[in-house]
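Here chain A shows up in two complexes: once beside chain B, once beside chain C.
Take a look at the complex of A and B:
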């Protein structure tokens, strides 16, 4: 097992290196002079020259790349162009908001999706299955920003039950949780439908296995077959998809962050790209990628731990 | 290998009630696709009955129908279908579930997929024994270990924590047989029990099944397309073709004096029986037609068919010098001398 985790970590580091290289290449190929975007069109050549020197843009490209990689290896993500604050500090400031939103969205979506998927399997081919199918597909089909806008309108503006914007005052857990409800609803709703369809498909496949026939041939009840046998197999089958889903939630909540004016990685990345704040782009994207591959490694480890065949092979 | 003579009925004292009694049982998928047509089959206590036939002959459908394990689209009908005294045609879901295990237990073709790959064998065997109320589980555990030891599994206690992939196919089939025996069933149904195993394992499994008949007194219904398996273990054999039983008799009658052209063709195609020097493996020309397509389903592939074969349905008639030997064929029933027989 330790060797297995070590190998996965090595692959993860290679992926992060690749991401850094691609980002570096992208920044140099993107049209527009970064100094002009940064300093404005009316900046003097001297100002631009000074900015170039400060950012290291006057050096040869390979030197820049080497410098970047050395800094990254030391865990240094550089300084923000505007505030001159360390990028790592800025990213770590907003990270909890993003993780909280992703977790909250995912936990409720997974719980409801599992229940709906199981109920659909129990009613396989009957109207209950059709109803859950229709509801699930419509959850998937509605864009999350539409859900975000409507839920904002209904629960914050008309009913005034929940806060419309912000993430709650730091230190006030109650306010932060209440500020999480609407965004996590908007982000998670599509995942409810997606997970319920996924669970249903995996369960139906599990229920067609030979061993289910064996259990039935001995009169074992359908409930026990579904919840003790098929569900475990189905969860194993969808685990990696779920992990990818969680990874994409860490970055994909940008609509919710904009609509609800929440701080977060998605919004920070967006703003950094718009303002050509390259160190910040590099920092946010790398941290996001790191979170993503960590999810993948965790999924691999958990599924290896759940599946005796994989467990014994590694 | 001298099977106990159970036929003819008139020559023996009154027979015990049959374990399985089917009269004119038919199974169809949907409304229009028949798979089994008007099958009569009786299995008495301690009897081993084999069903042979090529793929698509309906033998597996027949075996699965006994436990109501057919897909939802399947429709069963018949004048009588009794399993251990219960009428299966009238049984509702609860009654059918009650039969699964105690009345008839089943072992399947592929032991590698017959168990869940991600649950321990102990867990699965315990779940198969769900009828036993045993809060601590110790009693169940002891019974399972005893059953595993009985079918010849080394270190049965250790196997409880093993996963299926850690055992060979032959060992898993033994576990499956042990599971079936734990039910103390009246009938053991074995659907191609050795097809997925190598020859050594096959011999061991057949030996095990035969010794279980002696010790546990179960009747066995064994489905196979492998003639050697049938010859090895059965008392009585039914040959199925296109959903019907076309010939039935003691293993001796079927193997020494096969009467139906289809049975004869099956023997001619058995690789183990093909004479040396033959360059090509013989095959039966054509395909199995849809059951019920014509009066004699084999007529289209038959080498000796006559005009009456397509005009009249062939009758089910006594045939040959062996007791209880029946055949569904115009040619065999009417011709005086039996066709040249073969020895297995």
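Take a look at the complex of A and C:
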């Protein structure tokens, strides 16, 4: 097991290295002065100078790369050229908002997804199963930003029930929770469909196992088999999905954050893209990638812990 | 299911194209019947055909020039002159929605075709090429597909600037790894099959094995996978355009309509609804159709799509 975790961590670090290399290479491959490429034509000479010094742009390319990697290894994401503040501090400031949104989305999506999956299994092969299947696939297919826009339109603009903007005043828990409702609805909807389909598939697979046949032969009721045995199997199956899912929820929240003008990692990245603030974009992309691969390792470790066959497979 | 065993045993000579046609026709008919036999498949096929037809005939359907600005008539409500009203610059929304269909389909198909063209050789090399190359290539595919794509897309946009080529590049980056992986797995499993072994024993050249035997057998599943991806790709394009990072603002596209509509959402709900409904119909239609097609042709390809 320690060897397995080590191997997965090495791969994750390789992935992060790849992201850094990709961003570095792109900055250099595009013709023109790299400072203008990264900061846009409207940047001031002082900003370009600061960026040039930070990246060591006067030195040979390999030196620059070394400088960047050493800096990143020390956890230094550089300074934001506009505000002159450390990128890492800025990222850590907004991260709790995104994590809260991802958590809220996940909790309700998991609860509803589990219920829908179970109901589908109970009605397996009947119209209830078909209906839940159709609803689930639709939830997965509909773009989350359209859901965000339409829920903003209906519940904030027309009905005026919930706030349209922001994350609520700091300290006011009630307002913060109310500000979470619409964004987490938009982010979580697709996951409801995804989880309900996964749960259904895992439970149906479990129900065809030999031990379930034995249980039936012993006269154990169908309800007990579904909730006591098959559900357990399904929960194990979706545990690893939860970890991976959390990683992509962090990036999936970008649209909700923009539509609801909510502070967060996605909103910050977007604003940095619009103002062509490359150091900040690079920082947020690296931090999200790091969170993302961490979730991936967690998912792998969980599934390896549950199922020893996985350990040798990866 | 009949189709499955059919594609898996490619032993019949392909030269006799004439004798093949009735069989191909019969296969097409069975597949179509299979898709139409489920309600979702039928709805999906209908919607997909509607979208494709609209995209093809867009200039004939649209009553106005979708880029013609008419400031006097801005944010007009739907009426007989402007079926869906006008946007904040007085452009006819119905025409923009119709032409937006063409943008969505053009970008999606170009990007997917590029991705397929790149993934085929990459996957074949990983599966059939030198063995030492396989490991690193798989690692590369895995790494790229485990990146947060939207974030990476944003980084690409900062450096290259928005536009159709950027959108296509992001989509290609997103889809090549999964296609190349599929090609590789298919190639690996075919490589150990008797008919390939027989060809090798008869001293057939690598090119012959690759193009005559592996390629035709790999391309079917690949196309199904691409079909399942159409709605994801349409969403990606619309999403980037919505953020103002995709297709240029004056070009009619669903994402741009939504982006313009979002800015005026408190004044008029029409633009947001007009841009969102076709996008939802397209994503639902292609998802339903893609899943029905997969179930009809190759259920083994089932992999749950993540939102």
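We adopt the following convention: the second predicted complex is superposed on the first by the 257 of 314 C-alpha atoms of A that agree within 3 Å, B and C clash if a C-alpha of one lies under 4 Å from a C-alpha of the other, contacts with A are read in each partner's own complex, and residues count from 1 in each chain.
One rule holds in what follows: a contact is a pair of C-beta atoms (placed from the backbone, for glycine too) under 8 Å apart; a residue touches a chain by one contact, two chains touch by 3 or more.
Only a predicted model underlies this, so the values are computations on that prediction, with no experimental measurement involved.
By the touch criterion defined above, A:143 lies against chain C but remains apart from chain B after alignment on the C-alpha atoms of chain A. More chain A residues lie in contact with C than with the other chain of the pair chain B and chain C.
Looking at the shared chain after the overlay, A:294 reaches neither chain B nor chain C. Judged by the touch definition given at the top, the superposed model places A:278 against chain C, while chain B stays out of reach.
When the shared chain is aligned, chain B comes close enough to touch A:209, but chain C does not. By the touch criterion stated above, A:64 is placed in contact with neither chain B nor chain C. By the document's definition of touching, neither partner reaches A:43: not chain B, not chain C. Applying the stated contact rule after C-alpha superposition, one finds that A:220 touches chain B and leaves chain C untouched. Looking at chain A, you'll find no residue that touches chain B in one structure and chain C in the other. Taken together, the chain C residues at the contact with chain A in this complex read 39-40, 139-140, 142-144, 146-152, 154-160, 231, 235, 238-239, 242-245, 258, 261-262, 265-266, 269, 272-273, 276, 279-280, 283-284, 287-288, 291, 304-307. Every residue of chain B that touches chain A in the complex is listed here, in rising order: 67, 69, 97-101, 105-106, 108, 110, 113-119, 124, 127-128, 130-131, 163, 165-166, 176, 179, 183.
Across the complex, chain A meets chain C through its residues 11, 14-15, 18-19, 22-23, 26-27, 30, 37-38, 134, 137-146, 149-150, 152-153, 157-158, 189-191, 193-194, 197-198, 201, 245, 247-248, 250-252, 254-255, 258-259, 269-270, 272-274, 276, 278, 281-282, 284-285, 288-289, 292-293, 296. Only residues 209-211, 213-221, 224, 228-229, 232-233, 236, 306-309, 312 of chain A touch chain B when the two sit together in their complex.
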